[in-house]
Structures are given as structure tokens and as C-alpha cells.
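The following pair of complexes shares a single chain, subunit A, combined with subunit B in the former and subunit C in the latter.
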Partner chain A sequence: MLFAKELRRVVFSKIFILFFAAEVFFGFYTQFWSDMGAGYKSFEPPVPGGVYGMVVVDDPPTLTQEATASLINEFVNNEYITYPYGFIHKVHLKGADKDKIAVILSTLTGISDIEHHVSSTYEIEYTYDDDLKQYAIPELGVLDNVSIDDFHALMTEADKILGGGSKYSPDEIMYNFSLGPMPYEEALAEYNSLINDDKITNGYARLFCDYHGIDMTLLPVFLVAVFLSSDKRSKAEQLIYSRSISSIKLVSARFAALVTAEMIPVLFTAVLANIRVAQFYDPSMMDMFAMFKYSLIWILPTAIAVTGIDMLLTGLIPSVAVVIFQFGFWFVTMLMTPMRETFGVFDLVIRHNTEFDRQGFMDNITVFALNRLLFTALGLVCAALYVFVWKLRREGRLGESKLLSKLSLHRH
Partner chain B sequence: MDEKIEIRNVSKRYGSKTALDNVDLTIGKGMFGLLGRNGAGKTTLMKTLAALHLKNSGTITVCGVPIEDRKRIRSMTGYLPQEFSMYPTMRVEECLDYLGVLSGMDKALRRERADMLLKKVNLNEHRRKKVKELSGGMKRRLGIAQALLHDPKVLIVDEPTAGLDPEERIRFRNLLGEVAEERIVILSTHIVGDIEASCEMAAVMNEGRILWTGRIADLIHDAEGKVWTVTVESRFLPQIKSLYSVTGMVMQGSQTTVRFVHEGAPDLTGAAETSPCLEDAYIYCLFKNGCIDMGGEG
Partner chain C sequence: MKASCYLSCLCTDIKRNALPHILAAAALTLTVPLVFSLTSLSAPLSAQPLEMYLSLTGTLLLTPVFLPEQNEDIRDVVRVRRMPYLTVCAMRIAYLTIIAAVLYGVITVGLVRGESTVTEAHYFGGLFTALFLGSVGVAGSAIGGNTVIGYMASFLFFSANFFLKARFGVFYLFGLSTETGISKLWLLGGSATLIITAFLYLRFVKKL
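Here is the complex of A and B:
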């Protein structure tokens, strides 16, 4: 009963209309819906001789050659591009660190003065920013006595010297230097897996959730902050506090109402997604429940986690600060989260930016399950802590803290 | 059950500021007025009685229930806070229904009580209106309806008539008088007229302390022989105000009739003793307890 009343309060509020519109537009229309209509998309089985995109290939000579050439160029210019914490960072080495890279390059190539060797041997491919030179280093290979394991160890060491986040790091090196065109057989296998194993929509549901997961990490904060501060803004706070309902009942109803409301645009767009997919595939071959199933196991835990965290923060700090915090968290998360299925247990945003690669997702399914359970638990724990904070405020205990009283939107 | 509120040696501090200082009070059935200036500690006492604030020391029992038993206290108390409103887009009847759910009432009882109370507070024809469409007086009446929704034994109303026009104030006081027949009603206000018109018992508060408590008639009786009037030329008003606690002035051309409180006969030609009203008695109470100076300033 109370849940229904709280849900009604949420969904008939102006902020929910904005949330709904933003979630549908940014989390679905501009991504999933638009992608499906993009010209580069093919919904037909691959034909021999076509182009099917790039994949990581097991080609050590190419990997070692291209990575070494890249490191040499960055060494010669003494400007290394890295992405620690997701943000671009230009590293300029000096002293011992510069020498260490020189030693690594010497170990890889057998050339002691690599800078002199490159400038006197190779042509400049192009120059940019006045003095940064890109040398064409096609035939410089890695010494035969450097095994692939040694190569990876040296590149990892170089990444550490650069402060991490470089394209030589173990997570990135293959995606930067060992890509090759996807073979026809692999493309056909992927297509068949989408049609037969994923019943089409299971694959598209992962893409659907990939997009919604991004927005569900950010947008609920506005709904939570505005909804929870409505008691105070409406001068109804003391009235609510004075009723006999238990704190846990009221907070639980509000938490459940917020999470349910947050899922409404997701489930609504799941219907639209089915319609969209049916425009390109035979509907009789589609799993009509896939979008809903994935929404509940993928997006619902995100909604629970974000709502719980934001509720707790809203109880402790001003709503503006909560929004700023959540936005910053989202921004950093987005920069740090790869779009591949290499997510970890502690990544709130799970990326899988393709309808294909079922096997890649399934290989990581245990991590996925642990991840979703962890964030569901985190959201519930935060909501439970918010019950405690709310109870303290209701009894006038927390409002007496001068600092929190000044900071919180629930202050007396 | 014991139908009274017993407050014994209750103190409450906010940091170094003492909001309630050894408050000792017994409040029985009917209307009880709590009179005092802004900042006297009335709202703190009201909130403490409504289990919204913790006391630092002392004991409070409400109809035999210790204040620490918050759930029972909340179920037997109706509270109308000083600054009352509800969600602006919610309709009047929805407000009562929502707050009824928060009081653990079933649907049939909520409907029955809401219908009865909306008629009682003259809001029945406005039940479909949104809160943001209500006037100040209508909001106050909705406030009383919500406070009575769960049929509480105790009704606590904090400064309920502030900002209301005279007609609304009278209507509101009469409403409180009606509901006080069957429960304890505590009316906190700094408007003496509200207490005079509706309460038989009262207490005067100042700086967290109870200065006086008893029957209103006794407070007025205490001031007998202490209230005086004199008609003087208006140019003498500043001197009069600096010497006496003035409770009223009526200007008639260049002459002004001044009403003031003074212990014993004033040294003022033409001054005549007059019967005290509650306002005089209240000022005399503050004056007697050293809360205001001879010149009338606190």
C-alpha cells in the first residue's frame, strides 16, 4: 500500500518525467535505436570476401614489431601518451627513467643508441606539433633471443616506468598492436551464434544493457535527490517524522519505489527494442523475453546500487554535493571502463558494446554474476544505513550535529 | 489510563545554549496554553513532547507512557508543526490518505476519519484541491485534520494562528476548543488573545524556563492592582515608556491614553487603577520575574 503511494508520488513528479525522457533518449534512442539504423550495420549472414571488422589475433611478430616501433617513436620524441584513470596524460621522462626505457629498447632491438640509430636510418613519416616526429620503422624487429614472455615482461616494465595506463600495459597491448581483420569463418560463426544460441535478442539485449548501464549510473541521482528532499522542501518533514510508521518501513517503501520507477524507462524501451530488432530479423526466431531478462539481471542491480548509495549520501550531505559526486564518479568510471567484456567484479558499469561475442561474455559470466550480486548487496547495505541515518534525524539526534546540520538538506 | 502529561525537571541544550531549563509541568485534559516570546523554548518543548527531539535530562510521561517509547507516543500524539505544509501537488484527500497510511490506519478507517474531519474543518468541498491551491487558513485547517486523523489522545499545535486573518483565527480557535473536549490539547503561541479566548489552563515560558503555570483567571488575579491607565499629552509618551511597562496606547488627538503595569501606585498625576486583561497579566508576569525592565524592554 505504502509502496504504491510512494511509487505514485515518484512517477507523477516532474523530475521523473525528465528522468524518463533522458533515459529513453540518451540510454536508448541515440544509441540502440540509432545504431540499428546506421548504414554500417549488416543484418545478413556474412559472405566470403567481405570486411567483418577487426579482432585480436595471435601474431607475435606483428605485435612485437608494432609495439617496439611505437615505443621507439615515443622515446625519440620523449613524449608518451598514457591514460591513467582514464584521462589522457603526456609523460616526459628524464634521468634514470629515460635511461631505463633506453635499456628496454636496447634489450629488445640490440641497438645501444637507439635515438641516433633511428634518426640516421629511418625517414620521418610525418611531423606534428612542430617538433614531434613520427619515424617509419617497418623493418626493425625484435631480437630472436627475446621470447614473447620476455617481450611482455619488458613492455609491462615500460608501462610501470610511464606510470601505468599506457598502450604497453598487459590489458591494452594486444588491442593496440595485435589487431587483424576478422576471418570469414569467425564472422560466420559469430553470426550463427547470434541467430541460434542467442535467439537474436539475447545478443541485442547485451548491447541494449551496455547503453542503459551507462545512463543508469548517472541519472538516478537526480531522481533520488529531488524525491528525498521533497519532505523538507514541502515543509512536510516534521509531519512525516511524527507519524507512527517505523523508519525501516518508510525507507524501504521509498527505496523500492525509486528503484521500480528507475526501471520503468528501461522496461519501456525493452519493448521498443524488441520492435526495433523485429524490423531487421524474423520475429519468429527472436526470444521475446530476452530484453526484459537482461534488464533485470544487468540493469536492476545498477539501479539498486546507485539508488542505495545516493540515498545514503543524500542523508548525509547536500543534494547538490551528491549530484556532483555522482557525476564525477560516473565520469571517471566511464573513462576507466573498457568497452570490451573485460569487466571485473568491482566495475559498476559493465560494457559489452556489441550484439556479437556471446562466447566472450559467457567466458566472463561468473565475474558478471559476482559483480551484479556485489552491487545489489552494496545498494541494499547503503539503503539499510540510510534507514539508520533517517531514524537519527527523525529523533533529532543527527540534526544536532552542527556540521551535518549545516551541510544536509534534511537539517532542522 | 492516566490522562495527563507529566514533565519533570526536563532540560535540553543545543551545544552551549540551554533551550529548556528544568521544565516542570503537568498538563491535563482540555486546552492548555503555552505562552511566551519567540525563542522562549515553546517549540523545543512541543517537539520534545512529539518525540521529535531528545531531552538531555528529566522525565516525561504522556498518559502514563514514557517519552522514550517513541512508537506509542507517536501513535497517541497528533502534531501540527509551526511551519506546516504538504506536497504541493497532492490533493487534500490524498494528503490525509497518505498520512493515514503512515499512521498505520486501514483503508476503511482512513476514509471514515478523513470524511468526518474534512467536514469538521470545513474543507469537504475543497477535498479535490491541491495543497498549493489552499489559502493559509485552509492549510492550517488541513493541518488540524491531519493531526486528528488517527484520533490521538494528545494534540500538539505550535503557533497555529500565526499569519491568519482575524476571522480564520477565531474559526481555528473554536475548532481547537471543540476537539479539546475529549483530549489533551497543547496550544503554543506568542499571541495572548489565542490563549485568552480558548484556554483555561496555561503556562508562561521565558528563556527555557516555566515562569508561571496555573489557571488563566489566577494569572489575571495576580495582576490586579498592578495595571494602570493615564491620559497624557502625546509628547510625554517617551518618558512614560521609559519609566513603565506599557501594555497599550490609544491616541485621541494630541492626547494619549496609556495602559501600563506598575507595582504599587505610580508617581503620575491622573493615573487610575484598572482591571487587568490577560495581556496585562502576561506582561506583569514577565516584569515580576525580571524578564523585562521597568521601561518595558526585555
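Here is the complex of A and C:
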């Protein structure tokens, strides 16, 4: 059977051994396995009077006060810290943009010359970087006629003026200015939900998939690039082209073999993850199939999408370029994707960096389902397009482009 | 072997082999001011673009150093030439290192003009980081026998530095950004060791 033959070729290759090792080490051992034994996780029910971490709290006065004070301080210094691409960016506004922030602050506080008001009214809490001042602005409240919705709209506008990625953006503002300690009752409810609703492993499976999803977005490109160029390297390309086998059959077998091979380390580590979780919880209370179930609905679509896209790209451009593009895409995605469960339909990487918060995940389950279906479909469409590209090459109707040949990039 | 032969070889290599990789590294350099601000940064923040981003120029430039001869036909032609293959590779690494140094110079000047706190340690520390990443790619390419494996090694090592951090000890890449105080000479020494290992492997195992 062709699929079995292709799968054997993949799993007995040098690149698969590297892929397997990288997926197990980076996607599982250094994250899931190590974290569980790191000592900072508690596997016992929470006890009253403990510390249970921070959560977003619904406290509009604190939110509006702290966010406005922060914006005022940055406005007075004319230096705004943003992270548009995951790295620090210091924004210095001029002209109209600076005036727009002044208007936003005036709308929020009712003070027209905010710069003068702050420097004459409030004390400097401390200075930093030689001449930047942090004012203590304790009692400055947002005007009563500014509703919480208007406040969010104004802060979103400020974020847009700053070029995005600021602490005033809709995704970040609550996490920057409205955090509070998690109450005992909430911590207990989360724990009970993990034990009773999630049967322990369903919660841990989401964490397991969170880590594997990151690596599955990058690692398949190396496997695809090496595997698909192996025909050319072994000088078997022309021989395969001349065989009677249909293009769709061969490409389908290879696509299925690659995706199956990519899932081997995930399913292998799913077994290890069950063993690891069983070291800390009562195994009789665990759902032993959760890791596998989540791997198939969460990670398999990623593997299908990435493999399909990479196969298509490898058919069109040199494999080295595909590897660089894929890494660039992955790097930017990683920098810009928050670890919280605020994923959308078009996010290839789905983050849920906790074994808790079942409700947060379930609230987003429709988006999750649409997302996974979309990327499965995208991967299959790309694989189908690759059949077409491969067929054109086979028929000699698609060769190396002159530009790529000139640059000697065609050498695999 | 005449110097003119080496010069001719170098020109051909730039034109026929390295140009797309040099352009990719230059494009990455041009995006630095978009991704990072270069003005009024403290010493650790000034190191971020040099260590956590621009160091990828090392991967882009050095990893494909064996790419042309990955094609068996070209490798056979190279074998029968009088010019030693590994000397050509060493020459490639040398001029690509100079290009990396120039790209680092551009961004360092940008940081200086932006009145950020930047010293020689930033420039050389960043450059040694890039060289180390590149040499991981060189070693991966040589020993793995495929440039894609070189990229895999280099990209994974770079990415792992973000979350494994100090577990890499003296070979942690972002020491200036996180102020570990570990000398970057370790990275330079590591680069030399990896490149020499790769050359010895090709010379004595692959008989090139």
C-alpha cells in the first residue's frame, strides 16, 4: 500500500528523528512535563487564606482611574511604551497625534491643559531614564458623564494613535489596569471544575495542546521541505514522473503520510502526559482518553493546515525559502499571540496556557470549532492545489523560474 | 593558487549563491526600526534588537554556506577542481561575517543616533550572537547533510533561548538584554569550535 510505503519512508528518515526529538523535547518535556514538577503548581484543593493568583475584576472606577493616570503620565513625558510586534517600542508623538491624545484626556478628565495641570498640581513620584517623570495622580477621577463604553472607545482610539500594541488596547487594558487577587470561592470552583467537569485530564489536555500547538506550527516545515525534496536529491524525480500512478494518488499518500508522522510524537507524548498527571492525581478519577481526544481535535487540524500550506509552497518556491518564510510567520505569530484564550476564527495558534478556566474555553467553543474546521479545510485545499502544481511539473509545464535559476536557489 | 582566482570565485559566489541570502539579511535589518524603537533606550533595551532579532542575520547568511554543493552533480565538479573546497567555504564564511558586521554597524549607528545607551559591548556582543547562531546552522548543515537541517538547528536554538533562558549557561544568547554578565567571548569561541568541527567532519568523514 502506497500510504504505508510513504509513511515508512518518512518515519525512517533522519529528519523525522530530529522532528520527533524536537517535538517531544520542546513541545512536551521542557513545558508540560517540567512545569508539573517545578514546584509552583498546587495539586491539592485550595485552602482559605491562600494566594490563588490574579484575575481580571469588574471594577470600573479602578480601571478608569489607573488607565487614565497612566496615559496622563505618558502624555506629559511624551513617551509611550508599546509592544506592537512583541518587542518594546517607545512612541514619541508630534503635531496632530499629540493633540488627539490631549483631546482624549480632556474628554476623560474635563481638564483642558492637562500638561500644565499635572505639573502644577501633583508631586513627582520618581524620575527615570534621567528626565522622565512619574507623577502620583491619586484622586483624578474620570468624569461621571463618561460611560464605561465611552471610556473603552476613547482608550481604543488612543491605542490606534499609538500604532497598536499599547496597554490601552482592548485586548490588554483589563490585564494592565483591572487585575485583582482571585477570591477563595473562585479558586475552589476552578479546582472542583477541573476534578469533576474536566475529569482532570481534559483540563491538562488543553494545556498539553497549548504547548504542542506552538511547535506544530513550525516543525512540520522542516519535515515537509526535506521529504519533498528527497526525490530530487536522490535523482528519482524523473523516474517517478514517468510512472503510471496518478498525481492525486501519490500526493494524497504523501500528504497523509506526513500528517500521520507529525502526529506520532504528539500521541506518544499524550501517553507520557497521562502518566505524568497520574503522578499527582488519583488515576481512577482521570479521563484516560482526554489527551488523545484533544490532540485529534486541536493539534491534527494544525498539522493538516501547516503541512498543506508548506507542501504547496514547496511546490512553488525553493524549500529553503519556504523554511525561512515559515519561521518568520511563526516568530511573528508567537510574539503577537497572547497566552490567554482570546483566540479568533483566523488564529492558527490557539493558546490556553492553563489547566483551569474550563468555562473560558467553553464560552469560546463555537469559535474553536469554526477555527479548527477552517484550518483543516485550508490544509486540504492547499494539498489539492499541490496536486495540480505537481501535475504541471510532471507534465513539464511548470519548470524552475528564470529568476530562481539565475540565483541558483533551485538547488535542494 | 592565484589570489585572482579566489577573487573571481568570490564574485561568482556572491552573484550566483549568496545574493538572495544577503538580500534577506538586509531586508531583516531594514525591519529592525519597524519592530523596535531605537531611541532613548537603556543598555539592556538597546541589546534587544541586536540579540533577539538582528542575530537572525547570522542564520540567514551563514547557514546556506554549503548549499550549492548540496547538489551531488555540483559536488562532483567541485571535487575535481584544484581549488580546495573547504578553503572556498572558509572564504564564504569570512565575507559573510563581514556583511553581518556591516549590518550590525547600521543598526548600532541607528541606536547611537537615537541617543540610546549603546557601547562596543553591544556591537560585538550582538555580532558574536549572530555568528554563533550562524555557526549552529553551519554545523547542522554539514553534519545533517542538508541545509534545511542547518536552519532547523539554528532556528530552534534561537527560539529555545526565549523560554529555556539561562539553562543554556554560557551559550545563552540574550545575556546583554537580561544582564547576566556572561562574556560573549564564549559565543565567539563556540562559533569557532562549531565551524572547525563542521570542516573536520566534511574533510575526514565526507572526504571533501
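Please note the rule applied: the second predicted complex is superposed on the first by the 395 of 412 C-alpha atoms of A that agree within 3 Å, B and C clash if a C-alpha of one lies under 4 Å from a C-alpha of the other, contacts with A are read in each partner's own complex, and residues count from 1 in each chain.
Please note the rule applied: a residue touches a chain if its C-beta (ideal position, glycine included) is under 8 Å from a C-beta of that chain, and two chains touch if they have at least 3 such contacts.
Quick caveat, the model's predicted, so the values are computed rather than measured.
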Touching partner for A:F87 - first (subunit B), second (subunit C), both, neither: second
Which of subunit B and subunit C A:V10 touches, first, second, both or neither: neither
Touched partner set for A:T30, first subunit B, second subunit C, both or neither: second
Which of subunit B and subunit C A:A225 touches, first, second, both or neither: second
Subunit B versus subunit C as contact partner of A:V320, first or second or both or neither: second
Touching partner for A:A69 - first (subunit B), second (subunit C), both, neither: neither
When both partners are placed on the shared chain, which of subunit B and subunit C touches more of subunit A: C
Residues of subunit A contacting subunit B in one complex and subunit C in the other: 235
Residues on subunit A engaged by subunit C in the complex (per definition of touch): 14-15, 18, 22, 26, 30-31, 79, 84-85, 87-92, 129, 218, 222, 225-226, 229, 233, 235, 319-321, 323-324, 327, 331, 334, 407-409, 411-412
Touching residues on subunit C, where the partner in the complex is subunit A: 16-17, 19-20, 24, 34-37, 39-42, 45, 48-49, 52-53, 60, 64, 67-68, 70-72, 74, 144-149, 151-152, 155-156, 159-160, 163-164
Parts of subunit A lying in touch with subunit B, wherever the complex brings them together: 1-2, 5, 9, 12-13, 230, 234-236, 238-246, 250, 394-397, 400, 402
Subunit A contact footprint on subunit B (complex, rising order): 14-15, 47, 50-54, 70-71, 74-75, 77, 79, 81, 83-90, 97-99, 101-104, 107, 131, 146, 150
